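Next come two complexes built around subunit A: one with subunit B, the other with subunit C.
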Partner chain A sequence: MTAAVSQSRPFVYLEPSPVVTQQPFLRVFVTPATLCAFGFAVAMIAVLQYSVRAYIPGSLEAGGFTLSNFVALLKPLYARVFLDTVWICFLTAFFTLIVGYPLAYALVFTPNVAIKSFVLVTVVTPLFLGEVVRTYSWIIVLGNNGFINSTLLKLGLIDSPVQFMFTKFGVVTALVHVTLPVMVIMLAAALSHIDRDYQKAAESLGAGPIRTFITVTLPLSAPGIVAGVTTAFAWTFSAFATPQLIGGGRVNMVSNLVYQLGFASFNFPFAAALCVAGLALTFITLWLFRWIARPLERMGPH
Partner chain B sequence: MKRLLVALVALAALWTSQVPGRAQDKLVVSIWGGSWRDLIAETAAKKFTQETGVPVEFITGGTIDRLNKAKLSKDSPESDITFTTSHVGWLYANDGLFEKLDLSKIPNAKNLAEPAKISPYHLGGWAYIYTIGYRTDLVKDVKFESWNDLWNPELKGKLAAPDFDPSHIIVVSAILSGADATQWEKGEAKLKALKPNFKAFYTNDANSQQLLANGETPVQVVLSMNAHYMIGQGVPITLTVPKEGGVLGIDTVAIMKGSPKAELAYKFINTLFDPAVQADIAKLKKGSPAVLNAKVDPEIAKLPGVFTTAEQWAKQINIDSKLRAEKTAEWRKWFAENIMN
Partner chain C sequence: MPRSAFQRLLRVIGISVVVVILGFLALPAVVVTLAAFNDKAILAFPPEQWSWRWFVKAVEYEDFRAGFRNGATVTLWASSTALVIGAAFAFAIDRYQFRFKRLIETILISPLVIPHFTVGLGFLILAAELGLARGFAVVIVCHIVLVLPFVLRSVYVSLRNLDPRYELAAASLGATPGRVLLTVTLPLLAPGLASGWLFAAILSFNEFTASLFVTSQRTQTLPVAMYNYVREYADPSMAALSVMYIVVTALLLTFANAFLGLGKVMNVERSH
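Entry: the complex of A and B
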């Protein structure tokens, strides 16, 4: 019967099979997610309890209850690294948006299939490489004898290599590349949901392409921009390999501090306190960001 | 359905019947991956299998990963043998993860150099030094005779040191300030004065090699074996040993507590200390043998970081590994707070 109906009508709404909604199957399907959530919760509790226990030099076991790990975090150094982290995340999210928006726009609106495929492949391919591989390739590009410096030297534009490695500029550049695929995919999803009739209406009323973009497309894609920037921000917050290798210990983010002070020296309680503080900072920053971006989100299509 | 069940039961039976047999006829060794694993596979493990007929299986991972895994499987260790650095070995030992060694079962251990006898639980398998290595083509006018030469203002923005372990440079600063590792605070001011010369801090062996190869940091406090490897690859590096000596590093071997194959493990360690095996280790990785009776090729023996006599061992800066295990966190934190950031 279904076959007969689908022949006459291209879109058929199929009632969900009663078998799937039956309790036993639901339980089976939900089990993996529940187990994962349980695993994450246990790990989180472990980190929390480590953060309030004393470090015993020369031992892997943590000692009794203490708040000294959090007190130690009050040094100006940690405030600076936390602020640096927020600033690097902001720069990365901002520049990823600037670079990603035209790509997402081209991906959605170009009628040319070849360009569409080219953009898609260019954007998605980096996802197949690990963060470490991508970062190593940036060392080759940014180094003193790297691609940029050797080209500039050959062209006679500079006399001695420009320092890109171990600087915020280098770290942000590599992080933008690492974050770009996520941003483009999120922006493309938002752009493709915009009803084309709005743009056509603007054009028919005499608006040029730039005006249509600024007054129609850009505001309607605001929810995508907010989602993309939030994701890029949160994603960059946990960056480790890129600041570790490109920053070379001179540009540090929270995760690098966790590694430097906790992991590499076996001081797990202090590392856990840093993690908890970092997590709190992420929540606060993202909450602030959402609060500021709330008017923008409302601009989306209704 | 019934058929599937029968098949599953049969498979389970087959698996359980296999496990004891498999567990009996192999020795599991935990070690770092890559060339470290290959080094032992090609030397001690090869000879051990030839002599006993028992194959060696490796489980590999980073220092901390393996330590954590060992801690989590305390009562039924995943490996029979563990290789780790001497001070990290103390963390295993302090947590009761290592078997106390019966040296009468390791006759070759009598030839061990004195500093390689780390503890009743772990013994040095080979050694190396952290010393000064520099790009001969990029650093021309600076002589390195003493560790003090690292403070030369000519080296501003040229130096790299490991970020995972600052103990070498901390203890060197203490020594240059007339103190030692136990009074490391006396070298704080000295080390702070070195800050302008640091360009970066490398995060692992590969990172160290890359920063030397591309000339980003033409001077490094470097692991001798890594520098020798890069010289072999054609990178123009000079490795020098300052008059105060290099900072001795020892990678150790131990038997995991609760290993059901302790007897085989003892045989394995005895094979590791075989003079021929030790000479092979020196040849392959340009590390120092841990025993004094290894017949090391004279060309290898003259390399910095390879010791064949007790006097050579004694000339190096040897930070007590137990003290180092206890101090690493404090040193690391001080270094991050005062030098890196």
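Entry: the complex of A and C
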């Protein structure tokens, strides 16, 4: 490892300080992290490598090189899961934005400190609960003798339970709940950095609250919207427990297929091909989205 | 400030929308609490008889106990190792120039955008290829990689906010680089290190998808044990465990908010 000395700091030649000019402990500081990065890179290369190997039924070993895994992805069965996954990710990102915006707005603009803390803790708590606890809670809410159905039955609004479990509606509802905290945090970060003077200027020029919001606040928060939607999309794509337990095999996402192939039939090569294709699909979708949203992002305050 | 009737109406609508959304956020937690205290094994709303027995059952269930022990082992090792590795590397990124700096940083940050099922599958294949048993080592390495981005970010932000003049002062007074690091830099970084570790520990303890791939029956962590329980049984002991989870997490966060200022950590405080 070379120890190239940073020449960019102007005070270096004025007073050579040992902290800046030398690089003490460089090797000790960098080696462990480099090993970690190496280990992770090798694991990802292993996935890449397996995706182009043949599957030998009944064996964990992979066969020779082949592209058949990727060809198999085009089968209607698998193509459908991919389309479903992208559609569920879109729906989730969209509804999370709609639900998250008012909350982020309230969080940033409420003058009351107690309300602010309450909203913040309510929003952030689910983030730290983990997917399993949250998904289990939604099963109790949405199940056939769950909270919503028992309440509706008791009130006499329905005669037989409404089927929420094993439907896209159920899966998306739970996923919106899972991604909401991140969305709110990202939107709130954008909203909190808007200069209050812009809104005051609009108001003093006679704009009503709705007009101020649509013409000033909303466009200025555009970078937060783009970041929030992008993150919600990526998070939903990697969700596993929610589609697995609430989808119950009837709503399948790429993650569920990877798990089934890996652990039910030990077809690691095909599972790896799904991972690679999924990653490519996420990156392409997000890149497209960013490309479409680029004019929006420029409206931001920075 | 004079308000028109229209503005008051808007305000009422806005507040009701926010209350409804907060209700949506809190609904699962409330319902799961009701279910946990229900005496019967079958769900009923509202419960006809209240009892603590599911809490007792959850605490005594051997798979949950083993999951908790395994999870605690993995979490302590993974988050502490990640803290040491991440803090050292964040320091190097901030201060030093070295070969492949950007490349190593990019690889270490990338678990943020790579789905956990892909990371889990990768380590599973790697362990199989190397002929490693599915023991704790694989799980811990996998968790270190997954929490490192958060530690890096947390320490890096505190390093950026650190005034370099303290270190220069110590150095100009003759302190060796090692002494500057131990007596000036590290103490000043303490809050960043603490929050980085806490964040890493919470994430590692709750990590599920990658753990499902890399753990075995012997090493399964608590979320994996809970997942297996939900798939096989329907009694409310899982609800009781969820309630304990929710209460502990909410308490930790309220505490963190009061002492650390969650708004600042999350970067959602208004800048004046």
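As a working rule, the second predicted complex is superposed on the first by the 267 of 302 C-alpha atoms of A that agree within 3 Å, B and C clash if a C-alpha of one lies under 4 Å from a C-alpha of the other, contacts with A are read in each partner's own complex, and residues count from 1 in each chain.
Quick note on the criterion: a residue touches a chain if its C-beta (ideal position, glycine included) is under 8 Å from a C-beta of that chain, and two chains touch if they have at least 3 such contacts.
The shown structure was predicted, so the numbers you read here are calculated from the model rather than taken from an experiment.
Once the two complexes are laid over each other on the shared chain, residue contacts for A:T122 go to subunit C alone; subunit B is not touched.
In the overlay built on the shared chain, the residue A:L205 is in contact with neither subunit B nor subunit C. Looking at the shared chain after the overlay, A:F166 reaches subunit B, while subunit C stays out of its contact range.
Applying the stated contact rule after C-alpha superposition, one finds that A:V141 touches subunit C and leaves subunit B untouched.
In the superposition on chain A, A:F266 makes contact with subunit B only, not with subunit C. Set against each other, subunit B and subunit C touch different numbers of residues in subunit A, with C touching more. Within the superposed three-chain model, A:L155 lies out of touch with both subunit B and subunit C [touch as defined at top].
Judged by the touch definition given at the top, the superposed model places A:L74 against neither subunit B nor subunit C. When the two complexes are superposed on chain A, the residues of subunit A that touch both subunit B and subunit C are 60, 136, 139-140, 143, 145-146, 245. Contact residues of subunit C toward subunit A in the complex are 6-7, 10, 14, 17-18, 21-22, 24-29, 31-32, 34-35, 42-45, 84-86, 88-89, 91-92, 95-100, 103-104, 107-108, 110-111, 113-119, 121-126, 128-129, 141, 144-145, 148, 164, 167-168, 171-172, 176-178, 180-181, 202, 206-209, 212-213, 223, 226-227, 230-231, 238-239, 241-242, 245-246, 249-250, 252-254, 257, 262-263, 266-271. Residue ranges of subunit A in contact with subunit B, taken from their complex: 55, 57-61, 75, 77, 80-81, 136, 139-140, 143-146, 165-166, 244-245, 248-250, 252, 257, 260-261, 263-267, 270.
Interface residues of subunit A facing subunit C in the complex, by the touch rule stated above, are 1-6, 15, 17-20, 22-26, 28-30, 32-34, 36-37, 39-44, 46-47, 50, 60, 99, 102-108, 116-117, 119-126, 128-141, 143, 145-147, 150-151, 154, 177, 180, 185, 188-189, 192-193, 196, 208-210, 234, 237-238, 240-241, 245, 255, 258-259, 262, 268, 271-272, 275, 278-279, 282. Subunit B contributes residues 64, 67, 71, 90-91, 94-95, 160, 163-165, 199-203, 207, 210-211, 214-216, 322, 325-333, 336-337, 340-341 to its touches with subunit A in the complex.
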